[in-house]
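Naming follows writing order (A, B, C, D, E and F), and every chain is counted from residue 1.
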């Protein structure tokens, strides 16, 4: 596949690894790089990138998985809406196994709630038209990447006058979260791998505060292994050259200004919430979106009363520390024992973009493997 | 079971058969007795009574099976009601396999109509309460035996203010049908076995015209084999004694005046239709019931528009002649070949109360069996 | 070996207890949740070496089979009964006994069964556990092992709670040749007890007709009874369990298959008073009602007494009796003798007495 | 014999064609409608002497079995795939090939299958006929006979259209001993072609995701391919068809069962471009996608070339290739080599990729 | 269709709606007794009554004396037949 | 969640609602192209465009020149490495 296969070729990875090796030697210090986006976390583990990096390059996995940062109370709210007799809750597959305080959506579905996975929020409108007697509620989650699609969906519903559709809006914003992270004194980072698809919408400009106020370099990156390796290399170069700039490796997709149509739709349909609770990170000011007054008729929060409880995380759960990059997954006591992808305690164990799930699923024993590298049994070089 | 087992004892049957044998010899002529009620037809075949009667006593099977006299158009109407998206049609199991012009209720159900068998019309009210969003329509059929139960059901619906219940009323009356039969010059009968359960409601009085105007004897009978044999014996006695009276063998159930509560309910809820079409018999004046104006809100004919077509019977079908007692089932060309209980062409082949079905199911080869009576292989005497 | 402590946990982490209260789609996905369900619910209950290997198939040496006879019997039935639990039995016991009986009526010693379930999303896991335990109890009683299986989960509304399929194999002893083709005029018809209990029990348990009674299903394995019969009389002509469609259906199948007539005698057919009550209320005929532990056998008249006496001495045959005889004409017809000289045809069932009884 | 002309018609009247357009409850009642359905749809299509006797079980002499080997293989699977017909195959072919393959992977020659169907009231009879014909076509192709069966009909809404269960028996030749317990470090992993076609085809056929592609299911019988392999190399260590849960699941099952590790190489695993496309769009992994004609086998390295060459010369194995090797540590773990020195765990599926694919 | 079956009323469940439990050969069901009650025979007095049950309604009380009389006729016939054959 | 995948637009199905068919490795789906159209680039002109697809939307056009440049850097690195190792 064009624009995919080229960025997965092992030979290219090897070229970059040689450069990274070289430059990390010249740096001669331990370097902590945070990949902000869960998509990157997933790719890093799927392709085993962490394992092939020099020992002094450490990747810290950031809070950029919308599923992982979803507080339990919000799940409970979604379930309470879904349990209404005449409601069909539509949602991306990613949310199905996230534990609420009692149930996940998957379990609520098993108990009888009509919950349907959709590929696109637009599919909800089709379901709404096919089920005029039902209320269709889309469980909107995601960062700036996804917000344009839900905004356009609401605009489309308004244009077509679809009155039995609404959205339970839980969009979150990357920039306020990054600010919160950077203000955390526990966390010492040397640079960031920037979220490629969020940046496709918002452009490179909004990151300038990172280089200007916090003096950290950031490279906005694509999601294929070559993209990520190249971004790491670019970051290391900034570090050796004592630069701290907003650079983009993902120039084939990301522009400086972002996508104007997408931003316009977001601004039209949504407004920024004063405060939004992130799992593990607590309330972050101006970090969530809600549906604007003009489109209030599509706001499920106004159509349905929800428990709207703040539910404390499981005591054992260290997701907050994981999301902040302060702890490694295996430092959580329940990692891989009580907390596994099949029975997650925290959200980081649910989506394969969560650091805990990624470690468990792909790299559980990565340290162990390093001892096993030389293997005479290999049949394929 | 009390009031049942006593009337099924073979020894008692043998006593009566001896008397019948004796009396039929003294009569010394071919005697044609019509059992009016399908319940009798069913018992006669189930217990093989026809076979054990003397050769000069012939039983003619009358039109007293409410399923058999149902015209195809009425079935089509019921199906058209059932096919409404929000309708649940409730019905006695007996009607399920009756062929309409295209489908039976069983087939309409298979094609998606919500049709439910109930034991009692009252069960429809329960279904109505459990399904407030649906319209529940009871397919009311039956003679005077059944009309009180549907009348009380409507009274109950009115008392409880159940607005999503109605009835498609197809009740028919025995007396006008008997009059029509007696006026048919083709049919020469010597006497009637009267319908025991219809008479339980209407009493013995309404039959007096038969003895007084048409000078035929009638004995109202129970449904067990002893009841029927005793009634035949009583009829034969009237014939030898040149009497023609309304007698009752079924005195444990039937009174002279009938059941006043039942009659009152019928008169309150229903009124007599000027005309009603009977399958095979055509229109018979004053032979059907419809819901009275006072209970019009429960009249499905007013709630739903139906095709209301008169549909001609299949050309091969001789049901009319069978129902009038003019032909024997095996004289119909399609009997047992194209027309079988599993694929009935006419209604008389559907219910086991229909003469054709009874012959096919129980007595198809009765004539042949008479040659096989002596059988040395019998292990049980 | 690497020393990472997490690494040591692998084995322990692999097979888990099912913690979900309700079956969900992941339990049929082929992944971990399914593996856990299979291990925790099925394998731990059915627990036998053939099953525990968890290959895609069970394998048995012919050597161990041939000791029982010279022919293999092979059968299958799906069970969709509603409700799942009913007085006297449940779908699990039924799924074992039904298939055991279909093997046993060939004279076979039933040996190995499969268990394939279709689960509806939302089924309480506890319900499944109960059913599976009931299957194992029945299997133990019947002396069979459940050696391989399959699990599917379908969306809510795509199945009704739980369906089970069991297939079975057994071995027919040398010299036993049971087939409806063997039936000859002069043979007698024997049954092992009262008819219609299962069908009546299900009907009442369903609750739709609001009937109340303490009728219990007759669900029971017949293989031990049959082994006893074959012990004293290997020359049984034909044998079948009277399940869906009841006695009337089995007799009609026999009559058609052997091109003979069969006459039975109403007065000789045992039916419980309560079952008669249900039939009278609803206009049903107990001869068409389903049974799940009723044997119909056709033997030469000369063996009848011997067979009857061994049957009566077995708990599953206490009320055994002769109910009729095979005749030459009319062929392919079953006759019912009403007792006062009258006979009538007992035809195959037309329409349905009851759906979802097995 | 009596001369009544009606009497002469009995035989003819007994077995009828099914005239209904849609399945209704009487087709599962045990009565005439069911008999007609069985005769007209199943028996007339599957048509073989073992089935045609219409007893409650099929019987086979051991003598005819033993000629093929010394062990019996026995398996079952239920098929609930939605939709019933999909590019490249349908539920009927699937129900034969799936069970044939579960037998064949033990090295057995598949011989006899059962066919048990659960039909939803309202199913077009024509749909059932198509499925049954497809079963027979597949059975003929695979060289097996359908020898016994069962039919149930449930109310509309109590099942989704049509479910099939097939159980199967086959015979394992002397000297063949295939079991995941045999797997040893040093063995190599071979598959017979591109992965994920079946799962992707079903997903697209379902239409819910509004994807369009001409991906066809790989549904095919593997018994002939396997017989060829065993011909040149009876010493296959382990073999399994990669169905629900995909290649990843089979390899994990192997690793757990044999207490070994397995390493596969991403670059060596064949996946069609279109299947990759579906996976990329939906975030799925082709290694977890279902297949219905894909064999995973583990052989000693010394046999690999020979096995591969016989596989490649068979139509069902044209794209066969070695994809990995068995290692001693980490035990019970499957590793995926990404190609530039990086390795990661390929775990069992958690959650579901797709429901109702088989 | 005109199926009717004898049963005995064993319990009154709702005097207002006139509902009772009938026992038919050991099987119980709730039925409506509106057809058989009046001022002289109120619901409470129906316990023990034998009735003819049709589609969930008690249609009439069964007259035990009349029932006995009907059977009595048969006994007389039998006696006469026996006398004759002796 | 932020999954995006390159595909090529092969057909415009609804210019008003801004719907088009995208081809991803031989698999087609209808997507919304509202994010990538404006006066200068109306729907009709999108055929042949490579776009990044996310939850049924074309989020951005893919810049082929930029893509080539990114890879060019790698080639240069490779060349340098080759030179070095020679």
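Methods note: contacts are C-beta pairs under 8 Å (C-beta built on N, C-alpha and C of every residue); 3 or more make two chains touch, one makes a residue touch a chain.
The UniProt protein names, listed by chain, are A, B = Hydrogenase formation protein HypD; C, D = Hydrogenase expression/formation protein HypE; E, F = HypC/HybG/HupF family hydrogenase formation chaperone.
No experiment lies behind these values; they were computed from the predicted model shown.
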Farthest-lying chain, centroid of Cα atoms versus that of chain B: F
Chain at maximum distance from chain E, centres defined as averaged CA atoms: F
Contact-richer chain pair (by C-beta pairs counted) among B-D and B-E: B-E
Between chain E and chain C, distance of the C-alpha-averaged centres to the nearest whole Å: 39
Chain centre separation (chain D, chain E; CA means) in Å: 61
Inter-chain centre distance, chain C versus chain D - centres from mean C-alpha coordinates, in Å: 27
Where chain E touches two or more other chains, by residue: 3, 5, 24-25
Numbers and ranges of chain C residues touching at least 2 other chains: 2, 7, 25-26, 32-33, 209-210, 273, 276-277, 280-281, 283, 329-330, 333, 350-351
Sites on chain A at which at least two other chains make contact: 1, 4, 97, 106, 119, 123, 341-342, 364-365, 368, 372
Listing of all chain pairs that touch each other, if any do: A-C, A-D, A-F, B-C, B-D, B-E, C-D, C-E, D-F
For the chain C and chain E complex, residues of the former touching the latter: 204, 209-215, 273-274, 276-278, 280-281, 283
Residues of chain C defined as touching chain D within the complex: 1-2, 7, 10-11, 14, 25-26, 28-35, 53-63, 65-66, 70-78, 80, 82, 101-103, 105-106, 108, 112, 114-118, 147-150, 152-155, 157-160, 163, 165, 167, 169-170, 172, 179-181, 240-241, 243-246, 249, 253, 256-257, 288, 290, 329-333, 348-353, 355-356, 358
Residues of chain F defined as touching chain A within the complex: 1-6, 8, 17, 24-25, 31-32, 34-38, 50, 52, 54-57, 59-60, 62-64, 66-67, 69-71, 73-74, 77-78, 81
Chain A-facing residues of chain C, complex: 2, 4, 6-7, 9, 13, 16, 19-26, 32-33, 36, 121-122, 156
Chain A residues touching chain F - in the complex, by the definition given at the top: 1-4, 6, 12, 15-16, 18-19, 37-39, 64-67, 92, 94, 119-123, 141-143, 145-146, 148-149, 152, 156, 195-198, 200-201, 223, 226, 230, 249, 251-255, 259-262, 265, 351, 353
